[in-house]
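Each chain gets a letter, A, B, C and D, in the order it is written, and its residues are counted from 1.
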Amino acid sequence: MAHTGCHTFDLEFAVRDYECDLQGIVNHATYLNYLEHTRHRFLHSLGLDFADLHSRGHSLVVTRLEVDYLASLRSGDRFVVHSEMTRASRLRFAFNHRIERLGDGADILRARVIGTSVSRGGRPGLPPEIAVLFGADA
Amino acid sequence: MAHTGCHTFDLEFAVRDYECDLQGIVNHATYLNYLEHTRHRFLHSLGLDFADLHSRGHSLVVTRLEVDYLASLRSGDRFVVHSEMTRASRLRFAFNHRIERLGDGADILRARVIGTSVSRGGRPGLPPEIAVLFGADA
Amino acid sequence: MAHTGCHTFDLEFAVRDYECDLQGIVNHATYLNYLEHTRHRFLHSLGLDFADLHSRGHSLVVTRLEVDYLASLRSGDRFVVHSEMTRASRLRFAFNHRIERLGDGADILRARVIGTSVSRGGRPGLPPEIAVLFGADA
Amino acid sequence: MAHTGCHTFDLEFAVRDYECDLQGIVNHATYLNYLEHTRHRFLHSLGLDFADLHSRGHSLVVTRLEVDYLASLRSGDRFVVHSEMTRASRLRFAFNHRIERLGDGADILRARVIGTSVSRGGRPGLPPEIAVLFGADA
């Protein structure tokens, strides 16, 4: 079969100075932007486009987050968001993320993000394009 | 006549700490967020809703900005965005903004923002709801 | 005693259109901005200033988040962030947040945010100004 | 001489979906983030670090912006910020920016950004590290 139940994806970033707050560290909300961008590139690598899914009536939404902040990123830092995607339930998918700073390999953040797809009528449910990623027994 | 060619509107804000950057001052791009929110509330006070206009095929877009930054806002500051709206040409409207810090009355910023409305087909042009704000000779 | 172990605070907001993403709903990371601003106003109501604490060498940082997204905010919505603060451990404090949409009272989000204070040397620990909020047995 | 009065620098970006607003286009304020990040990387390529300058008492600030928005970037677009830096006056430097979309080469934006450096005491003035970039007759 083409698709197994688990996929992985990595994306490299550089901190942008406007992402740092008055403490000189990346603001804690900005990490969610990094994770979201990684997820959308991840989905894109699997043939799914966030904006295109939305225009066809399937909105991907986050339903739950758990984030552990282990150390802070600062101006000049480069880092990688490591990601894996699995199915969390019939209607939900899960991403596990880990951010690693380049250079010293420090563990910066670990997160688990649960999401689903909501159709225009408001009903949750994975569109076939996503369900197929997790295999036939979905 | 109900509407003359010029309208004015003021909106008060408080700096939020996440809007400050590593220099401890509000990031220069964030002022455009303040101005945009003020314009949308301004239009709303005149019966126009940005999101609703978009859903009916009229996208309001900025075509030109001129901004003079005179002093910086910091954590804890409160301020007012003073705004006036006029017609700039047959297809364009203009907002003049001034940001005044509360407490000491300092002049923080002056800006001129030119915008237009783009219809779904891509043609610029003011929808009747906006044109009427500037009088019959539009 | 002046301070018990639990404090509560509410803050009202209006959605700003630039906070909505291409799905027309408030981006999930933006809710963390709302919660942060509420916490900083909350601390301010108790005599603590985030920027001032930082300038004196105490950086307040988030160490863990749990967020449940129950419904989405959209353009035009007004809402209240309800918050309570308690001590989570010797070195950590916790905020429980709930976002309620005004008008229909819908439950939008629930979150638990754990934080600590890091001194300039890098050691975690609550400065006396914060510790006193939780009572003498801290 | 190593440095002439004019320097150029290009930086490539991809639109991140959270940068798009409810109209499905990159919010107009976000372009200033792109330009700022490019300027900071530009300065870095010349041996100057924004955060480091700040920690040594020199804050680089924008004093004036002029931006023409010619077309919109959308989800999935890649683009280049073309930049050149010149001295605008004894105390001010200027950046001319142009954003070009990759793929079709469309002209997206043109901007002129004037800045200066403010020392801790509040006086404007270019630190020697910046003045030297513009030649000995500065």
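Everything below uses one rule, namely that a contact is a pair of C-beta atoms (placed from the backbone, for glycine too) under 8 Å apart; a residue touches a chain by one contact, two chains touch by 3 or more.
Since the structure is predicted, the reported quantities are computational estimates derived from the model, not experimental observations.
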TODO: Specify the chain most distant from chain D by Cα centroid.
DONE: C
- [ ] Quick one: report the Å distance separating chain B from chain C, using the average Cα coordinate of each chain.
- [x] 29
Task: Rounded Å distance between chain A and chain C, as computed from the means of their C-alpha atoms - done: 23
- [ ] Scan chain D for residues touching two or more other chains and write them down.
- [x] 17-18, 20, 22-24, 27, 29, 33, 36, 51, 75
Open item on the list: Taking the touch definition from the header, please name the shape of the chain graph: line, ring, star, complete or other.
Closed with: complete
Task: Residue ranges of chain D in contact with chain B within the complex - done: 22-23, 25, 27-30, 32-33, 36, 51, 54, 59, 61-69, 72
Task: List of chain B residues in touch with chain C within their complex - done: 16-18, 20, 24, 33, 36-37, 40, 49-51, 74-76
- [ ] Under the touch definition given earlier, write down the residues of chain A that touch chain B in their complex.
- [x] 17-18, 20-24, 27, 29, 75
